[in-house]
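Next come two complexes, and both contain chain A; in the first it sits with chain B, in the second with chain C.
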Partner chain A sequence: MTPRDHKYYWIGFAVIIAALAIAPLVLPPYWQRFLTEILIWGLLAMSSDILIGYTGMVSFGHSAFFGLGMYGAAAALLMFKPANMWLAFVFGLTGAALVAMFVAYFSTRLRDIYFAITTLIFSQIFYVIIFTWTDVTGGENGLSFSRPQLGIPGVWTTPFTGETMHWFVLAVVAGSYLILRRITQSPFGMVLQSIRENEPRTRAIGYPVERYKIVAVMLSGMFAGLAGVLYAIQNRFAAPDFVHFLLSGEAVIFNVMGGIGTLVGPIVGAGFFLLLREFLGRLFGEQFPYLIPLGFIFIVMIIFLPQGLLGFARRWLNR
Partner chain B sequence: MDLLQQCFHGMSFDLFVIQTLNGIVTGMILALVASGLTLIFGIMDVVNFAHGELFMLGAYMGVLVLATTGSFWLALILATLIVGLIGAALQITTLRPLIGRDPLTTILATFGISLILQNYALWQFGPVARKIQEPYTGHFNLFYLEYPWYRLVIAGLSAAIIGGFWMFLKYGKYGIWIRATTQDRVMAQAMGIPVPWVHTAAFAIGAGMAAASGVLFGPLVGVNHIMGLDWVLKAFIVVVVGGMGNLGGSIAAAILISLLEAYASMLGCISPAQAVIVSFVVLVLTLLFRPTGLFVPTPK
Partner chain C sequence: MRFGGLTALNNVNFQINRGEVRAIIGANGAGKSTFFNCLTGVLRPTSGRILLNGENVAGMPSNKISQRGMARSYQITNILPNATTLENVRIAAQSRRHGWSMLKHRDGYRDLIDKAEAVLDSVGLRPKADELAANLSHGEQRNLEIGIALATEPQLLCLDEPTAGMSGAETHETMQLVRSIAKNLTILIVEHDMQVVMELCNQITVLHYGEILAQGTPAEIQQNARVQEVYLKT
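What follows is the complex of A and B.
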């Protein structure tokens, strides 16, 4: 990027953040909540973009990291009185990181398709454990808890309202985006991209490819866990449905729809997917199997629009 | 001590024999599902995510044909053919345009197909499980239990289908085409083999095998729209443990895993839902010590 591009980039970034920050003040509560959820799902999708877009490994196991973030937050909020928001983050992130370390250690021994399959199987195993271990996880019903207070306990606190929740989520997502962007542009990120382009050559140059992959999976898992914590705080429950692999599949769909390897694309994809689902639900009723048309759109986009919406927009702008 | 007692409560030799039989029966069906998956992977590097949904679709076709004609065998044959054709159509419309792209895009495309099929089944047939009436209701006495003949018939039929498929690959003209394409796509094309159609045919055969196992397995449990996921996961585990693209390894791994799960569900301290974890342990151990697959000779 030239300095000029840099300037435009930061101006664009500031405008979008400002627009997202003002949005809850003008939107009705339903859409305000909707926008917050798009941001959270966008964070989940963005975390898996590190693997799909930058390292070239499709993970079908992100629901495990997301879910462990959720259940970690639930554990912290249920165990400690008064509930402390930061402890929820510590517990959720630790849970997600531990699971990610475990999954990464085994699944990075395999490449490409095998990696996708093993991450899927691992996430289903966590689903079975959480689903059947009723004493601890609440089984099918999950766990519900009250929302903690925003702020630093003892210094300054304020209850979460719709607006503060949105701003908090926005701040976390924007921060995560900046961190992930920095990481992908760092030498570490360059090595990841070189693994995507040519793994044997990267190894031949002397990089310990396995170690890089493990760190990439853990990093990605921690951001997915962060999304899980945010979702748990917003919705005040943790449920096994969010560990089911269908959620990982949706994260992959967000990535493909928005454009992989762009970080912003997955958020756009999440917004596109959720808006389309909402639209179909309103048009044909709640019972409508929205995944049928969305699945069609997904396949058509894979075949004809492999760069996703963002790649398409970029090509169209550069015309 | 209490836990141990709880675990081994009610264990007996009879139960052991029965569970061995059960394990072999499910193992044969699993082998049938997994060999279709391995065939498709071996020939075109496509991991068919929709394989479980083809299994499910086969079971539903079985339900429909059985309801109209009343013949189980006709249901088995028609369901296999119809789902085979559906498989061919899916391959032509979604996988053929993706030839030459990153193999990861095919896993995404088949994932899309599985979403569509699963939700279509839910929409069309509803969430209530359907039942396929088994063709033989006879039992024979096995210790204190009456063991249904039909289970043994399933195992035999699955073995026969896999055996027939193996003979076809080994000696049939089109089987040789398939093997040639698996070995070297470009060379096969140069020899005049219509490679794109071999791909389509292989996908159709794999889909048909999945459908046949769906119909065969239908009478043992209900037919519902989510039954595919369990099977595709197990088939994936089998295929990784047995070595991808290795037919014999897949069959051995399928029986090994099903036997272990059957024995695990015998223990009092493990609920049947948790018995899945056993196959997961096998997978982890395989990945740790032999990532290329358990039944693959060590490369020299």
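What follows is the complex of A and C.
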């Protein structure tokens, strides 16, 4: 990236963040909430881009990481009175990281479709555990709890409103993006991309490929868990539906629609997908199977826009 | 080394001394590439030992063997096509240091870039540093192969037909290149061009159906009656 490109990149970044920060002040509450959710789903999709786009491993296990973040947050918010936001993050991230380590240890020996299927099976195992272990997880009904306060307990706190929730989510997602972007530009990120391009060769020049993959899965899983914590705080519940692999599938679709290997693409993909679904639902009414036209649009996009919405800017965004 | 009922390599036993340039020759199917794959950890030998500086590396994964100082190039070009020439070499150099760094931009590692540029200088690809590797000519990609291997700072370099598919002029250049790097390295080379082998190497091992048919200096091999019969008869 030339210095001028650099300047344009950061101007673009600042404009988008500013627009997203002002949005809740002008949007009605429904759409304000909708936008916050897009950011959270975008974070989930972005976390899986580390594996799909940069390491070349398609994971269908991200619902497990997301779900563990969610249930971890729930555990912290139910166990400690008064509820503490930071403990929710500690519990959620620890839960997601432990599960990611477990899944990574067994699945990274496998490649391609075998990796994808293994992650899918693991996420279903966690789904069944959470669904059936009613005493602890609330089973099918999930867990509900009240929102913690935003701030540092004892120093300064303020209740989460629609606006503060949105700004908080925006700050976390933007921070995560900057961290993930830096990781993909680092020597470590280069190794991941080298694994994607040519795994045997990467091993032959001296990299312990499995270890790199395990760390990549853990990193990716932790950011997925972070999205889960945010979702739990926003919606005040944790439910087994969010551990089901269908959610992992949606994360993959967000990636493909928005453009893999770009980090921002998956967020754009999540926004595009969710808005399109909302729009089609309103156009045809909830009774109509509006997912059919959505699927059709997805297929057309795969054929005519295989790189995704932001695929054209991939090289530029990764400089 | 056995594959099911086929014994691909049997009782291949020799020693290569520091500073030596040794060729392995033999007809197609003699086991040359299988031998390289055993050496570099792509295949796990069914039995036997491979000693590198006195340590048995047989059966180790290829990344560990690489870290112990053995590097190879491939008969079929094996590079990162979507990375630039410089990145290809740099990522190899990076396997010795900084590989796990996550929070600093890749352009901030001057030592790696310097190393990669020095390697590109030595293989004559410095002018093409920012080209995508996929856009290089075949001969340039073959030299990049050698560059990637060199960037890992090996003690023993295994070259699997470095001139495969090259024109006469390119072959000549690559041989100059190998000769210049041979000054500070131990080299094991699989090569079909007998003239090249005779000029370049001080030791030759002839493989025939997975076994050693003969070993010796180029002059000895040329005069060996059995080698003449099975291999050099054309």
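As a working rule, the second predicted complex is superposed on the first by the 311 of 319 C-alpha atoms of A that agree within 3 Å, B and C clash if a C-alpha of one lies under 4 Å from a C-alpha of the other, contacts with A are read in each partner's own complex, and residues count from 1 in each chain.
Convention: a residue touches a chain if its C-beta (ideal position, glycine included) is under 8 Å from a C-beta of that chain, and two chains touch if they have at least 3 such contacts.
Fair warning: this is a prediction, and the values are worked out from it, not measured in the lab.
Applying the stated contact rule after C-alpha superposition, one finds that A:Asn198 touches chain C and leaves chain B untouched. Contact with chain C, but none with chain B, is seen for A:Arg182 once the two complexes are overlaid on the shared chain.
Using the contact criterion defined above for the overlaid structures, shared-chain residue A:Met190 touches chain C, although it does not reach chain B.
By the touch criterion stated above, A:Pro3 is placed in contact with neither chain B nor chain C. When the two structures are aligned on the shared chain, A:Val209 is found in touch with chain C, with no touch to chain B. Touching more residues of chain A than its counterpart among chain B and chain C is B.
Looking at the shared chain after the overlay, A:Pro28 reaches neither chain B nor chain C.
For the contact definition in use here, the chain B contact set and the chain C contact set of chain A share no residue. Chain A meets chain C in the complex at residues 182-183, 185-191, 193-194, 197-198, 200-209. For chain A in complex with chain B, the residues that touch the partner chain are 56, 58, 60, 106-107, 109-110, 112-114, 116-118, 120-122, 124-125, 128-129, 131-132, 245, 249, 252-253, 256, 289, 291-292, 294-296, 298-299, 302-303, 306. Remark: chain C residues 40-42, 61-64, 66-67, 71-72, 78-83, 87, 90-92, 94-96, 98-106, 109, 112, 148, 151-152 touch chain A in the complex.
Residues 41, 45, 47, 94, 97-98, 101, 103-105, 107-109, 111-113, 115-116, 118-120, 122-123, 229, 233, 236-237, 239-240, 244, 271, 273-274, 276-277, 280, 283-284, 287-288, 291 of chain B are the ones touching chain A in the complex.
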